[in-house]
Amino acid sequence: MSNSFGKIFKITTYGESHGVGIGVIIDGCPAGIPIDEELMRIDMQRRKPGQSKITTQRKEEDEVEVLSGVFEGESTGTPIALSIRNKDQKSKDYSHIKDSYRPSHADFTYDQKYGNRDYRGGGRSSARETAARVAAGAIAKMVLAHYKVSVQAYVSQVGSLRLEKSYQEMDLSEAENNIVRCPDQKMAERMIDLIDETRKNRDTIGGIVTCVIKNTPIGIGEPVFDKLHAVLGQAMLSINAVKGFEYGSGFEGVKMYGSAHNDAFTREGERTITRTNHSGGIQGGISNGEDIYMNVAFKPIATIMNDQESIDKDGNEVTVKGKGRHDPCVVPRAVPIVEAMAALTITDFILRAKTSKIE
Amino acid sequence: MSNSFGKIFKITTYGESHGVGIGVIIDGCPAGIPIDEELMRIDMQRRKPGQSKITTQRKEEDEVEVLSGVFEGESTGTPIALSIRNKDQKSKDYSHIKDSYRPSHADFTYDQKYGNRDYRGGGRSSARETAARVAAGAIAKMVLAHYKVSVQAYVSQVGSLRLEKSYQEMDLSEAENNIVRCPDQKMAERMIDLIDETRKNRDTIGGIVTCVIKNTPIGIGEPVFDKLHAVLGQAMLSINAVKGFEYGSGFEGVKMYGSAHNDAFTREGERTITRTNHSGGIQGGISNGEDIYMNVAFKPIATIMNDQESIDKDGNEVTVKGKGRHDPCVVPRAVPIVEAMAALTITDFILRAKTSKIE
Amino acid sequence: MSNSFGKIFKITTYGESHGVGIGVIIDGCPAGIPIDEELMRIDMQRRKPGQSKITTQRKEEDEVEVLSGVFEGESTGTPIALSIRNKDQKSKDYSHIKDSYRPSHADFTYDQKYGNRDYRGGGRSSARETAARVAAGAIAKMVLAHYKVSVQAYVSQVGSLRLEKSYQEMDLSEAENNIVRCPDQKMAERMIDLIDETRKNRDTIGGIVTCVIKNTPIGIGEPVFDKLHAVLGQAMLSINAVKGFEYGSGFEGVKMYGSAHNDAFTREGERTITRTNHSGGIQGGISNGEDIYMNVAFKPIATIMNDQESIDKDGNEVTVKGKGRHDPCVVPRAVPIVEAMAALTITDFILRAKTSKIE
Amino acid sequence: MSNSFGKIFKITTYGESHGVGIGVIIDGCPAGIPIDEELMRIDMQRRKPGQSKITTQRKEEDEVEVLSGVFEGESTGTPIALSIRNKDQKSKDYSHIKDSYRPSHADFTYDQKYGNRDYRGGGRSSARETAARVAAGAIAKMVLAHYKVSVQAYVSQVGSLRLEKSYQEMDLSEAENNIVRCPDQKMAERMIDLIDETRKNRDTIGGIVTCVIKNTPIGIGEPVFDKLHAVLGQAMLSINAVKGFEYGSGFEGVKMYGSAHNDAFTREGERTITRTNHSGGIQGGISNGEDIYMNVAFKPIATIMNDQESIDKDGNEVTVKGKGRHDPCVVPRAVPIVEAMAALTITDFILRAKTSKIE
């Protein structure tokens, strides 16, 4: 198990889907950061189940309690522990899958790795775990606010419905004005229809979340193995259901010639900038001050409402019943999770960069 | 700087393109592994410059000296230090870029981050650094041989030339029979022509390396942050010029419905297997015994032979001359680098998994 | 802040003396360990305040709640989170020290390092933090039970009262039969008298805790920096008020000649043993199967009941009043803390050793 | 194996006593530090064998080659690799111990842990490994020079000959004026005589090195587990032959009452200082600006020139012959090693502290 992320601003999470609770310790948050619990509550609301007709109807309140590390409204430099109690633990819902290996879930691999398994709702492998990430990410965003860095994610694809506009062509804040979190309202409607139709078919569908980080300080990222985009990649790929990551020109960039792909430097007043940004704000693994943007690919989640054939622990054939309350498409709720992982990564690297040179 | 990779089988690399030498320490290699330096030499040959008309004509011998950790032909459990002296250090070639910021290179970001910079040949940001990874990867492959795990990479795309066959449809060992390292000989010829044409145009072009890992033990990978594919992603994204990573169904998978994407479990004798493998051999971040496969996207490298406009340290406009000896397309030489990073990652996780449960 | 300890069996603690609560996440506990909460309760009782006339009369219940990582009575390999709510938070007791720097406390250094400080009861610097260590240590002892390793600590010195008998000459289980936790009942009485007298003088006094680890598997410890005794040393020195650590022959050993100090090997049936054990069970940083024994020196704790002259934040002279409820001598309650740190260290190294060689 | 030390300023060492060479990579040295190889050479001379009649007569030149990370006389922020080739590799000297377990050496434990062993001169367990620490420590001292921190060690005890003067009562620079490195010339003579007599008796003897660190910035140290003194303890205990560590009042402090032990704060101009310094410059694990001082206890080294009874791998009784060239007392040559570990530790913590608070 490796439940920590980050080297200076380091989070460690715990908790199973249907255990007593989940939570996170943030070790390494600098002292002196104003902590606004309301901002945390807002991000928790964006992630929580049951927020619209296209998300699971399961109810989780996800109230976060701050147990330590904050005094008189400010971080103290000591560990910040955040606790979320599980309230809606309908354990009986899961007895039917106790011995079955649900297709494309982690039931089989957990059993093989650990020899036992908390089968209730997927246990630790459930995406419920990401609630702790969002809570910690909200604290990271408070640190980033000090550095004027903003992180904004949105849904850019659902199934084959792809938003062709680049992020510069839209007002990203519009994403929060519809339930699918796509900043283009027309595309949003089509996406919502597709998800709703998928839900009615008792099926699920994949999608892409795009994330844009603006105003990153120049010089963060730690070559050669902790290049900024490499750790962003790990961060995103560690989210449940993610199958791919690209930044800057990404997979499309492979088709380009260097003469077209290279980003020419120029000056804007005292600032050195680039005319294009195929680099995605990162060169040699280090931020260059331009926007950092990336795509995160989510597969259709494995829990579908139709019956599926599978086997159980003992190799017997079984039918896995489709029941419970699940998301037909994970990307709308994944938006704050992607933001959280981006914020946690950038915060860690800003702190790490403080030791790069002697001044 | 973060020049270590791995938690148990941990490598730490050093060295600049035109310094005295480069190298790596492997800390945590188990004792008792037969060390065959010839295998290391073979992988170094696959990576070295000057091996064909479509790679740079720069000569580097890349002889690896084993300084420690091996005794009487076996690893001893102590650190294995590998050293490669730089021989072809034509420093004068680089005086013209001393103060210039080459487009899409790391000159600007290194200067900003560190306040100074070894400008000779890109210094630490040069892909020369990956020679140390290949040397260490060869040792990792020797550990994997003990576990019967194989790692094989090949070129699946150059520019827009995309090999549509899946890895199962080809004999991957054919990849080493042509200079572009594509297992389909017809496509290989087309790719070679495209790279050669690009070279003649003094330009560069991108490509994709596909990597397949077979026979991974079931149960490796460390959720929730060190999911197997998440660390594979970091490993690949840390290679110079990589812009994207996907595994299993990857970016295409987002278009699928869950009912089609889910991999049904079944039995083959005593083994539990899946009928399809959209999961790419990893479920919940843990290997399930099926093949692990992934794509790694490389941009066109930034050094082109045509002149480019840029600025220097002081903000003056300069022309960056295209000269020196560079690869028109990086993917043929990237094949052993991708394999090395895969081998290092899998080796580390096999060792990490030894503590998952009490037996 | 660095609130994690261990590399495989890794604990991360949080919490302030007078905050909402304290706790710990154990990441890396192997699956399949029977978890007996009663054993945890027993160690918590041994550490808790108010247990006798020679400890502080402050009441803390220290009930530990298991939030995750345990299912049907066994560890699952996922993080085990343990939570202890603070109940006796008489914050008003501490307003008098809000701006004062108490002599030999961490008030000054925390203020300097972090710029702010939770001054209530010492905040994070309070020994209350060690309750989380004891809870985690109890889990470690459950892992060690699987390996038949025992850890036993006792008080061997209070002030100048030094127990001259070696640990082999006593029944160490006797230590729990008196309130000072010294296995020699006569010496225990003298120690109790000395502590009681010190308490009446409103003063404090130091002492030594000796710890003995039996039946450690041969071959644990990770040279060259994580030698077994080096990490045991860090573990012990990280406990509040500890000023020194020695193992085996320790400081006395410097006076010896090599011819007398060397431990001759011999055989006992099939086992290789040593005739003497000046090495303290560790050679070259690796366990040799003999008993591991060590001394941990505790200073007199800084909180005394008499008034002291000091200064405040602004440099003004102030009188620090002696009030509150504090231990006149910390060693009786430190016994389970020393055991916890030993158990955590040994557990981590047993797991780390699983990757030393290929079998 | 764990051959890394430090979290930001991190060293990784390699090499066996009689292999090709030893060395170290420093990852995380800030850019912009002037690197003076002559300072490194001086410390290597202080550690090297054969420097006087009371050290081993073995000759090792210990020339350090800088392979990377330094450009135009300054650190660049990239890894600094230092290489020392082994020159005096009389392997034939060691064939007689190939299968024997020398008393109180690591032969037995390495064999048990790793299943094989480089038996030449102790292989990795040889104190030859510390040469790499001294080389890295010299770089650390160059970083500390930037912060005006000084580190000075000296011999304060050999066998029962104990220097009773405190470090404040002597001119510590005098330590380098005699071959035993004791700043009191009279005591130095007595110590030299004792070591010489021990050498003639073909025996060895232990000793204590005291180390004083002046001008440490206030606020370094990372509670709760990486308290400054806890990591200093680990650093010192990781040196070959060390059996104990104490700082400030140390083991003697346990006899004191709190009223006498507490260090009263006062002001000296604008600075907050303490009237006494039983705390040894560290309170709550964080530096308070006072001198940091510590004692490090070295046992008599195990290689004596007299014959000893032991057993071999197969359990047969054997006589271990006393031959070769070894130190009768390790402390004179240990002085620069202790300084190196102190310098490495302080440097790491100064860098770590840069992220404690938002400014």
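Which chain is which? They are A, B, C and D, in the order written, and residues in each are numbered from 1.
Criterion: a contact is a pair of C-beta atoms (placed from the backbone, for glycine too) under 8 Å apart; a residue touches a chain by one contact, two chains touch by 3 or more.
As the structure is a computational prediction, the values presented were derived from the model and not from experiment.
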Path length in steps (a step moves to a chain that is touched) from subunit A to subunit C: 1
Taking each chain's C-alpha mean as its centre, the one farthest from subunit A: D
Pair sharing more residue contacts (C-beta pairs) when B-C is set against C-D: C-D
Rounded Å distance between subunit C and subunit D, as computed from the means of their C-alpha atoms: 26
Between subunit C and subunit B, distance of the C-alpha-averaged centres to the nearest whole Å: 46
Junction residues of subunit C - those touching two or more other chains: 1-4, 13, 28, 31-32, 77, 113-115, 124, 352, 356-357
Residue ranges of subunit C touching subunit D (in the complex, touch as defined): 1-5, 7, 13, 101, 103-106, 108-110, 112-115, 124-125, 129, 157, 159-160, 198, 201, 203-208, 218-227, 229-231, 233-235, 237-238, 243-251, 253-259, 261-267, 270, 272, 274, 278-280, 283-288, 295, 297-304, 306, 308-311, 315, 352-353, 356-357
Subunit B-touching residues of subunit C, taken from the complex the two chains share: 8, 28, 30-33, 77, 143, 146, 351-352, 354-359
Interface residues, subunit A side, partner subunit C - complex: 1-4, 10, 12-16, 19-23, 25, 27-28, 31-32, 65-69, 71-72, 74, 76-81, 83, 113-118, 123-124
